[in-house]
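Notes follow once the structure below has been shown.
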Amino acid sequence: MSDFIIHVTIMSGLYALLALSLNLQAGLGGLMNFGQIALFACGTYGAAIAFHFDFGAVSGFVLAVLAAALLGWAFASVGRNLQADYWGIVTLALAEVIRIIATNEDWLTGGAQGIGGIPPLYAGLDGQTRQLVILATVLLLVLAAGLFCRHLIGGRYGLSIKIMREEPQLAASLGYDTIALKRQLMAVSSVLAAVSGFLFAHYVSFVGPEQIDSSETFLIWAMIVVGGLGNNAGAIVGAFLLQFTFAFIPFVKDWIGLPSEYVAAGRLLLTGGGLIAFILFRQSGIVPERVGGRRYV
Amino acid sequence: MFQFLVDVLMRACDLMLVAIGMSAVYSLMKFPNIALVQYAATGGILAIVLQKIGAPVAVAIVFAVVLTGLVAVILNEFLFNRMLKIGSSTAMIGSLAVSLVFSAAFLVTVGPNPSRFRLPVSKPIRILDARITEPQLVSFAIVAVALGVFALLYFRTDLGRCMRATSTNEVLADATGINTARMKTIIVLISGVMAALGGVAIALKGEVDIQIGMDLLLPVFASAILGGLGNPFGAVAGALLISLVETVVTTINFGPLMGQVVVFLPVAYASAISFLLLVAALLWRPRGLFVSEVKRV
Amino acid sequence: MSDSVLAIEGVAKSFGANQVLANVCFSIRKGEIVGLLGPNGCGKSTLLNLISGVFPADAGTLAFQGENMTGQSMDHIARRGLVRTFQLPSMPRRMTVAELLHGAAARGAGFGSLFRRDASEMAEIDGLLDELALSHVRYLPAASLSGGQKKLLSIALALRASPRMICLDEPTAGVHPNLRHHMVGLLRRINASGITLLIVEHDMHFIRELCSRCVVMDRGAVIADCKPSELTSNEQVVEAYLGNARQKRAMA
Amino acid sequence: EAVIGAVLPLSGSSATQGDDQRRGMELALEKINADGGVLGHPLKIITEDSGGRTATALDAAKKLVTVDKIPVVLGEFSSGITIPIAQYLLQQDRVHINIGSSSTQIRSLGKGAFSVIGLDDVSGAFAAQDVFSGGAKNVAVIAPNNAYGQGIANAFAAKFKSLGGAITSTVLYTEGQTTYRRELQQLAAGEPDLYVYTAYGKESATINRESFELGLNDKKWYGLYLTMCTADSDPQYVEGQIGMDLNYIGGNGGDYQKAYEAKYKGGFTSTFNGFAYDGVMLVAAAINKAKSLDPQKIEDAIAEIGKSYEGATGPILLDADGQRSTQPYLRLKIESGKAVATQ
Amino acid sequence: MIEVTEVRAGYGDGPDILNGISLTAEPGRIVTILGPNGCGKSTLLKCIAGFVRPRAGHIRMSGEAVTDVPTYLKVRNHRVGFVPQTDNVFASMTVAENIMLGGRLMERRDRERRFDTLLGQYPSLASKKNRRASALSGGERQLLSLARALISEPSILLLDEPSAGLSPRMMHDVFEAIADVRRREGPSILMVEQNAFEALHVSDSAYVLSFGSVAIEGAASDLLADPAMRSLYLGGDKH
């Protein structure tokens, strides 16, 4: 059991990084990114391609981070004068384009078959210790990312992003280059997503296009909505909560004794219904954003 | 050539009604309701099931469509209205959760296998160089009539004017004596009916399975946004444009250019190209092709 | 004209077939307080939009402190020191007044300021809030301010952006008369610190008390450029803008 | 008490196949337990839903291993999911049985991984030989744009070209569309002698109907796994199609087919139920042979049994990599709505 | 006839913005509400119109209790015309559509007649009849909003700063128009204004609010005549 919990915690941590990244964009910057999974894909495919062409994990990491930052930058550039919803759909579409490329360019990405056999990190350690070390790494990264985001949001830069989010015209009239702000924010938050993807690839050891389906983005969205949009702690809590719920739904199923033809329906019902109930009864998330933040109330 | 037009229309028809519904709901409620695509699936599946248990096709269709409309109203009353109080991204995630519950419901009621209306197989009719079957013509007709009725309602009646007024300024609409809550209910009903009709139109031409809703999501989104969210007839044009591009890029034979007999763009890239078109169109007209609203300071 | 801060030459703007501005020329010297007057819909706000770079002019040139600003973006122009306020200000829903004022100082707020937090500006912000009777709403979300309070806040925001020149679009519309009086004093002091002011306004008392010069527009063209006291004697201005005798009496 | 695990796509885009796999397992379970179970107890299968997602599938696999302490896990359907869970299971020294993926990458998973389904190279090569010897020289291929489709289309093309035939065009379609007219017209543009296609239930229904509507059925259609291709289609549209499929006849395949039809009121939904059935049967036999639930012993037993095992899908011979090396295929033709064997 | 008794109101779970306000506006009279920024004038109008629900107190229109009646019903049953302070037009609709919407509850013939007279009164709107309201200048919006409220010949007129942003000439015309409506149709007019002198000149009575309570009430002429009042509440003695 404890192995299972370690595994779920590692996955939760990876999703927490993704959620933190999305929360920076959507919660702080008002950027309704529905293509988050494409930034994650930069991480997974960065790792996979580096492995495939024998570049080594370090260059894989560099590749992942650079690709994600570049893609984030491009997302922001495309959306320079789009309204939030429009931009959301554009990112969704672009992420889909990236998935289509990953499915079809098999010389680079392995096509629909994906790239398998990516070695785990800390390959020198034995199974049990390795899991623990990976767990520690992920949790440390989540902590560091959380603190970084907190600092970013609480400081002067966060204020300028907030003005950009709420009233772009006003921000521009005060001298803020809103496009540059968006690009910076996207590039920085994309790096978090790429790190998550990179670790995911090495942890799961397989990278394929169905991992970057657009429904994955919705899952990350669900995490930050449950946790409380705009709040870092909320994003982390949301990621852990949802990931643990998903992981433990099979136990609920065993416990109820659900016949196997209803397993899938039960899972969908629990996730969908749970999410609805959560939104309705825990209105603005577990940890709602406070207007004014810590400093100005 | 005529065949080509028929192909374009056929694909556009699949998207149009759902896209109109999405756009119309967006104009009043200010959130893209993902569950709409599931209403389409509900409409189609319900009509088929009703026919299976003995109702004549026409009756089955009417019942299915009305029932779906009512479901849309009820869900709106009990879920989306309350979620919207928290925020539009919350409502959107909520509508995703509702979609999951729909999937679960479909899974236990009709199972994952596709189903179709029991209609006599008809030999295609030849019109010029195109081949069209009778059910396809009926399905065209349904879409055309639905569009016409909606256009009349929206532009020629007081009800339509009130809807548009509510969508631009709810407070002022209230102050003009418009029952804005009822307007919303009506638009939700209409969108549910339109989506269900869209589903029926798809079902008439062939087969539906429970995935159909989620499969429609991206192209419907793209159509609605290309036309300009909140402008229902823009969505029609958007659907036409998307299907036109998809069809054109896949039917152009690049063979002669490259000294070979047949060289086509891989179909897998058709949707990628239509998404890229979407991005390009929005770069040119950030609020969609058919929104002429000026936002001034 | 070496001391010209803002030079507007032959500026024109149309929206579709609708020509809103045609060949507008005037310039403003450093330290001046200029009133921009004209009937509703004559193009005053549109001119401010061109000056501040909301959209580009169809023709003509705009120069600020000798630098050609034609076609530059709003944020670029603002960073050069030309800041404007809006006629119908819309304010953030999820930021308090105090937060907004902190964030309004764009200089040095870039990515580099990530780890900087200073409280030294507190005093400055407090002073502004006091001056504009906004102290008691400092911790309210900016969007929930009353109409008049938003107008006052937008002046405070412009001041925080370290401007060389401010263009104010109807700063007193919806502001209580006592505060208008107060505002005259504030704007004078701002001006005395070397900031040039261009004010679109309909309150003639305010104009008379504050401005050294008035530019009057009608249907997209400048019809008068004179001292405030000379307005009533200009037939064209009276006809287009001031209207009947009671108004003239009020001006006298 | 013997408990084994399965990870299947019971929801998501492959739910049809996943559900059919579940049916096969259920039939196997009924048969095993009616015959006395394994090691004297009824066999139990814990089935988990993968939702068609790697992460969920991995969670499920880890749950089966670490919580339910299961020695053998069967599944999944998509190669993209089968591979990572198999890798995980092998790391944990458990046995993995592939019952539905045919990517050739599966061959290199390593010891402890078995496939009871022939990988794409096997079936693609058979079909190419069959089509070529049928006289067609220029063919067009349409297959889904996923691991299965890409794999089998490549395998088919490689063999067909090596025989001296030509592929006029290969179309990989995106699943879940409402129409495939564009794809079909691309296919027709090369004017092939014959169309080779493979598609899952819903897509094949649409493809068959539309090829009928567009008049593409004036040429011969060859279905790879023909019963899967025609399962959901209206018989009128597919009349006269030929193709290959797995051999259900001979051995205990005929009984299996009857049992399936009796229990689920209709023909096979996909070809995958048979492999799921065989997978479970094989594992049960191995456990009985090993007289133990130790994964290592089960693994050895499977390798041993796999030297000659008669499954519902025909003889299962596992090669040194644990992969099914041969697979008997049938040549089928649709006559008055039924698939009948031809020679 | 509008009667407001001891109304308390606020936003969300915030503090009371109105602390027990009472006032009456009789038919055929113009009542002006004055007061510093943020004292609750607009909140009071929104409360009467039904956008903000009173926490205590009563509101009656034409003798009927309407405290908890939703806005649209008030508008229908008591013919309320409302000009909000901000966001006062249907931005994506044309000028003509905006005005017509104001009269949607009237007979078609009446509506068209009124429409033509109103456009006659505001030539600057007439020339922009088919333009989108979102393109209008601030002053033009103000006029449009007024025209939209006036077309239905309301019996209760709530005006939130109708003269804000208007040129001196236009402001004068607008006040004349309001006085004219009062003379001809005799509605109860409740008007919030910052241009106090001009407003008081056409008003019958006035209330001065301060921090959500009535500080002073009286006849408009009395307020204008009292020098102490002028310097304290009306912005100094400049006239």
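Letters A, B, C, D and E mark the chains as written, and numbering starts fresh at 1 in each.
By definition in this document, contacts are C-beta pairs under 8 Å (C-beta built on N, C-alpha and C of every residue); 3 or more make two chains touch, one makes a residue touch a chain.
Remember, predicted model here, so these are calculated numbers, not experimental data.
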Both-way neighbours, i.e. chains that touch chain C and touch chain A: B
Separation of chain B from chain D, taking each centre as the mean of its C-alpha atoms, in whole Å: 35
Chain centre separation (chain A, chain B; CA means) in Å: 30
CA centroid of chain B to CA centroid of chain C, Å: 47
Of all residues in chain C, the ones touching two or more other chains: 15, 45, 54, 86-88
Multi-partner residues of chain B (at least 2 other chains): 103-104, 107, 214, 266, 268, 271, 294, 297
Contacts with 2+ other chains: residues of chain E: 135
Chain-chain contacts as defined at top: A-B, A-C, A-D, B-C, B-D, B-E, C-E
For the chain A and chain D complex, residues of the former touching the latter: 1-4, 7-8, 11, 103-104, 106, 111-114, 116-117, 127, 204-206, 208-211, 213, 215-216, 246-247, 250-251, 254, 260-261, 263-265, 267-268
Interfacial residue positions of chain B with respect to chain C in the complex: 294, 297
Sites on chain A touched by chain B in the complex: 26, 32, 78, 81-83, 85-86, 89-90, 92-94, 96-97, 100-101, 103-104, 169, 214-215, 218, 221-222, 225, 229, 262, 264-269, 271-273, 275-276, 279-280, 283-284
Interface residues, chain E side, partner chain C - complex: 11, 35-38, 41-42, 85-86, 124, 131, 135-140, 142-143, 161, 164-173, 194-196, 233-236, 238-239
Complex contact set, residues of chain B against chain E: 158, 161-162, 164-165, 167-169, 171-180, 292-296
